[in-house]
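Which chain is which? They are A, B, C and D, in the order written, and residues in each are numbered from 1.
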Amino acid sequence: MKINGVEIRDSFAEAFPMAGTRLIITADTPRWARTAATSMTGFATSVIGCGCEAAIERELAPSETPDGRPGISVLIFAMSLKDLKKIVPLRVGQCVLTSPTSACYAGLQGGPAIPIGRALRYFGDGHQVSKKIEDQRIWRVPVMEGEFVCDEISGSVTSAVGGGNFLILARDRPAALAAAEAAVDAMAQVEGAVLPFPGGVVRSGSKVGSKYAGLIASSNDAYCPTLRGLVPSALPPEVGSVMEIVIDGLGEAEVAASMRAGIAAVCELGADAGVVAVDAGNYGGNLGPFHFKLRALMAPAGLAKETLEGGQA
Amino acid sequence: MTTRITGGRVFDPANGVVDAPRDIVISDGRIIAADGPSGANDEIIDASGCVVLAGGIDLHTHIAGGKVNLGRLLMNDDRARFPEPFGGMMCGCGGGRAAPTTHATGCRYSQMGYTAAFEPAVVGANARHAHLEMGDIPNLDTGGFLVLGNDDFLLRMIAEGDGQQAVNDYVAWMLKATQCCAIKIVNPGGINAFKFNGRALDLDETGPHYGLTPRRILNTLQRAVTELGVPHPIHLHGCNLGVPGNVKTTLATIGATEGFPLHLTHIQFHSYGTEGDRRFSSGAVEIAEAVNANPHISIDVGQIMFGQTVTASADLMSQYRNHGIADPKKWIGMDIEMDAACGVVPFNYRDTSFVNALQWAIGLELFLLVEDPWRVYLTTDHPNGGPFTSYPHLIRLLMDKPFRDAHLERIHKAARAHTRLAEISREYTLEEIAVVTRAAPARTLGLKDRGHLGPGARADVVLYVEQPDREAMFAAPRLVLKDGDIVVRDGEVVALKKGRTFAVHPPSDPLMDKRLERWFDEAVGLKSSHFQIADGEIRDGEGPELVETQP
Amino acid sequence: MTSDDESRDDADRIVTDVVCGFCGLGCDDLEVAVSGRAIRPIKACAEAARLLARPDQPPPAPRVGGQETTLAEAAAAAGRHLRGSRAAAFSGLGADLDGLRRVFDIAMTCGASFDHEASGGLFANLERLGRRGWIATTVAEVRNRCDLLVVFGPDPTLSFGHVFERLLPSAAGDADAAPLFVAGRRRRVVIIGGALSEAARRALAGQEVVEIPVPTDQVALAAQALTALLAGRAVADLPELDGIAPALVALVEPLKAAAYSVFVWNAGVLSTRDAATVAEAAAGAVDVLSVTTRAAVFPLGGRDNITGAHQAALWRFGYPLRTSVGGGTARHAPDRYATATALKDADLLLHVSAFRPGAPADFERGPVIALAHPDTVFTREPDVFIPVGTPGVDHFGHVFRMDSVVCLPLAPLRNAELPSVAAAAEAILDSLRRAA
Amino acid sequence: MSGYRLKLRAPLDARLDLTGITPAALAGLSSDAVARKDVFLGAQRVALGELFEVSSGASDALVVSGDPRLDGVGADLGAGEILVEGPVGADAGARMTGGRLVVRGDAGDGLAAGLVAGRIEVAGDAGAGLGSALPGERLGMRGGVVQVGGNAGLRLAERLRGGLVLVAGDAGAGAATDLIAGTVAIAGRLGPDAGRGMRRGSLLLAQAPASLAPGFADTGSHDLVALLLMARRVPELAALFGGGVSGRAQRFAGNRLVGGEGEILLLQ
């Protein structure tokens, strides 16, 4: 299958289930909403080393936020609900509670409760105030600057999907980077999915395992252009650089939509811009239950459905 | 005119009659010999299919007096949730389950086949109130146990070495003055110690001010009731109620009786060990062994039943300790008139609570491990362990091992691991139920014409339709006769009768009158003549029914 | 008439150890001279003397529509009115226990709500007692244990003449009645409220008395502040406490050091809100102190056997006063069934006042039945008036003392020519039964 | 439609207790059976049909004609809707656990006492003790929303434990007495002695109070994000204050005398 001269390889992205939630961070100004959100989603590229994966989902206009101030929505994912319940209050506590003028609200309703104020309220040392509005409880924690306001809990999903991905195989590094940037920009429009790696792009795609004991992942040598010839390579000769986009989403559909948007953007640049092929990372189908088949994903509407159904391993 | 109850299976263990097809013949409110032929005027009651028992007797149930009224005040929600069913003139516009109104108390008891109930904690100063309330309870004979053992007059007498005879005179004077029929001790010396800010007092600890140990107070009063010939031995609510590890105190108390008979009440609350990682365990096996080995000891269990209730006790020392776990969060405490105290604390026993579940199991272990039914009386210490309306359920737990095991399965898992209940196969027989709810309490209280169906007995007779579901059977008797008149038919109250009040009037030295006149004048601030309750004040002038003393 | 003969027979005698049922304090050492129907108080507080005194006059007869008649006729008329009523209000309830039991029987039979004349203070106290409870104490415990008595509000002797003699008797110089457990036998008495009367000062002679003058409408605030200070809350700087904060602060350590402090107030003389606040504060102070020492509340009140009415309502119906019974159920609504409110909707008023001439409230919506003191002056002639005797004067009766524990027997002083409330109520019940 | 319409035959001359007459209690009953339902008139049981004409209504709601002596309307309501075409007496909506009660007139004392959940809307004034605790209970209204179009009487929200009370008019003396938690908003004037014994919770005011109970600390003026949040999450609240909640408020904290940390917020 080729789109605009770009080969869509007959491969699939293998993804795994995660627990995830959305938080809405507001502040008096967009700058401080973004600052809190950036800080809160920092060092959250991969569960392997960070315990969670998180990123900004999008900016929210004042009219869209619970308190009518500028806001940012973020998605945060962990390998289990237990991890998520630990990591969210930790990050909100360190990065949002501390950030000037900020507030933090649930971005999801329903599903297992992820503590926000429920855990952070104790910072108020007994002076914290709760208020239940309809069925939602908020907490007000006195801080030096005024009050930190947050919801008691956020909802969550346990059917979130982590590790959706695709690989951009390009002639050279500038071409790969330009394609990756185009993909990231396009994918930013998709709600419910985020790209946790720096700027949305990962250049160090990995394979499972290593020759070194204790390392669970190591460089994906089959896609390293400098190793062509030394190891069995997955790269055609004309490919000089590969970049990966990793996607986490609140559900399978969001991940698929995000991948489709990203790949379409890459293909739109086309072979003329140096994009050779789109591939995806998987582990032979044994690790994750979600298989996003690239060709089905990029096929006209009728086939897309099959992709998703077929994805249920 | 006589009434003949015929065709039923009679259980009258006091007279050695067990499951006999005998007629019960009633004349003038009493049972007469059944050997005569039926006369033409006989009213025949067909009891076929029924088990025939004497009227039930509850010897420990908090049904009247100040602390019960405080319970009613606190339990407004319980009151609203359990109104008396609207039954025309049978309805007293009352209700409540944990602290029912007087009318509801009488009706509910008689609906289960009970004809007598004893208020086990009458505080002298509040005795007149308790009697007024008891007089308002229909269909039940009642009596009160006077709380002594924390009263300053007594403690001072013992401390000053006034001698046993003076104590005996005082006890006799107080029994008559308060129109009570037995002596109860609640936390001997402990309630008094709490007034001096003592927070605990074990059996051999010396209390404040008087320098007396609970053991000494107990022994002195045991000797007094024995020498006065009060039929019921000292009715003891011991030290350290509810405290984990109190099994040691209880065993020591059993060993401290100096051969005098002793009744240990709501012993379940006094049978706790400290084993296990929660430092709370069952001491039932040790207690049961001690009771089995000491024929002069009797007990009632004070079984706890899951659900909402209110605890009402003279033991303010213990109730203060427990008030933090009140549910709902409210409680009342009161120091009372140099006599005693009271504490009223609502409780909700939950089968999901380790402690409550184990308490439940400990009570049943005690019921089942104490071998002689004549020394066990069926109680929940109403309302402290649970409302008396739960008796039919309790009876089924005792009589029905699979039923019991099914309940055991539902309680807190860790508690299940701490009880031997599952290993106990004993099931109470109908005869044993007749003993623990009728014959035995009548015997220990000295009620010669109650608790049995022999000639001369008051015609308090109950017909239960035999059915395998013992809870259903004991919840709604076919007929209940009080003094020969039908008061309950098919579980419904159909008539209201005035009950009687039992009292003992042992003689006392007139010198005690003088001493107490002075004491009341100077210390209490009330004339002793106004403290004493005249016979005519009992039951609207009916006066008490005196129980014989046998010095 | 044999009764006349008998009343001549026991003419001119002195009766001692008379029990008083009026204010609720339960004094039982009164003395009166009785001569025929006349009673002349010899030893009694002013209030009791006023209420015990009786002239040697024959009692008035019952009246129906202003016309004298027999008890039976009056009871029958009352029965007819009651049968026609479906929203009766019973007020006053100044009666002994037996009378109250019969009046409650009428309420159950005909349907009625009931309230006691003096229930304002009781219900203010129930705001704490009923909702959260407290630790209380009784007369003999106060007499023998209390080493620090705190009184909130105006001088209590204005309502309870001998309150200090009863509670703190050693002050009167009676060495025999010295407290058994108070070290040094001298107590501290702190009055937070109005100035003491001369009589109160005399009664407290020998005690260490501290007066913290506080206007009546600031007593609740002072009580709250004292409890707050005991609980360690820094409120001494509150501007509203200007002037009294130092005195309250000075009370904290003595209270903590006291072996058995007792808090006293008379809810009946404060506004309902203030009384409820004082009850809450006093009970709260006891909660704080009880962690390390002993303390208790002793609420003053109990006029005309209101405590007995409260107790009997609880054991009969499971609810306090201000309850409507009938139709086989009881509905408790303290606001709705308070007499003043209940009368706005009632169609009959039955008023009971045996202890004193207490007229029923103005009522125009239906018939008025009064079982009342013979000297009662009515603004409107009741449809049925049955003059009743006074318990402890004309007949036997039981009343509760204000501490709610001790129930006292009141014995007749003279030959009863007046029916008791119980007898009058029984006659009405009889007429109702006959009609049924 | 399954709702019933209860039309009073004549104005009441004694208090009538409608406790227990809810849509759920009448569901599935014939109108004859509805007419036979027991209610208390004064202290006596009477059949509903003696006092009301019973007919089928146009909606699922139970529609009742109003009377100031009609007590307990909507008490114990768990679901469904009751509409009163006129005033009600005491204890309307007491102990409600769900559903909606609409009163197109005034309400008496004890409105929403012990309310657990559900909505109550009163077009006119409300009496004393709105949202208070039932006799003998520790806690007042625990949840739900009460909207009063007119004034509220004495001791508004006494012992309130949760939920939201909105009063478009004035509040009588003793508002927020012993208030434990929850939110009360008053667009009109606040009566004297408010906040005595207040533990927690919020009293929102549009007009400066003449006085408060002793024991409050003026913590100054603040920009409160929580107010912005509440105004957006609760449109009725914003509407009560004319839509413009700036988040700026003067905050009085207390009541210090009882160790309370409640707040009285004067919106600016």
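We take it that a contact is a pair of C-beta atoms (placed from the backbone, for glycine too) under 8 Å apart; a residue touches a chain by one contact, two chains touch by 3 or more.
Owing to the predicted nature of the structure, the values given are computational and were not obtained by experimental measurement.
Across all inter-chain contacts, the pair with the most C-beta pairs is B-C.
Taking each chain's centre as the mean of its CA atoms, A is the chain most distant from chain C.
Note on chain placement: the centre of chain A and the centre of chain C lie 75 Å apart, centres being C-alpha means. Note: centroid distance chain B to chain D, computed from Cα atoms, is 46 Å.
Annotation: 34 Å between the Cα-based centres of chain B and chain C. Taken residue by residue, chain C touches two or more other chains at 126, 130-132, 319, 325-329, 332, whereas all remaining positions touch fewer. For chain D, the set of residues touching two or more other chains reads 135-138.
Shared interface positions of chain B, i.e. residues touching 2 or more other chains, are given as 73-74, 76, 329-330. Across the whole structure, chains are in contact as follows: A-D, B-C, B-D, C-D. Of all residues in chain C, those touching chain B in their complex are 17, 19, 26, 28-29, 97-98, 101, 108, 126, 129-141, 143-145, 166, 169, 176-177, 180-181, 259-260, 290, 293-294, 296, 311-312, 314-320, 325-330, 332, 398, 400, 404-409.
If you check the complex, the residues on chain D that touch chain C are 13-15, 17, 38, 40-46, 69, 71, 90-91, 109-110, 128-129, 133, 135-138, 174, 177, 193, 196-197, 214-215, 256-259.
Chain C makes touch with chain D in their complex at residues 85-88, 107, 110-113, 126, 130-132, 221, 224-225, 227-228, 231, 233, 235, 238, 240-241, 273, 277, 280, 284, 319, 324-329, 331-336, 345-347. Those residues of chain A that touch chain D in the complex are listed here as 26, 66-69, 101, 103, 105, 127, 129-134, 136, 138, 140, 146-147, 149. Here chain D touches chain A in the complex through residues 143, 162-164, 181-183, 200, 202, 222-226, 228-234, 261, 263, going by the rule given at the top.
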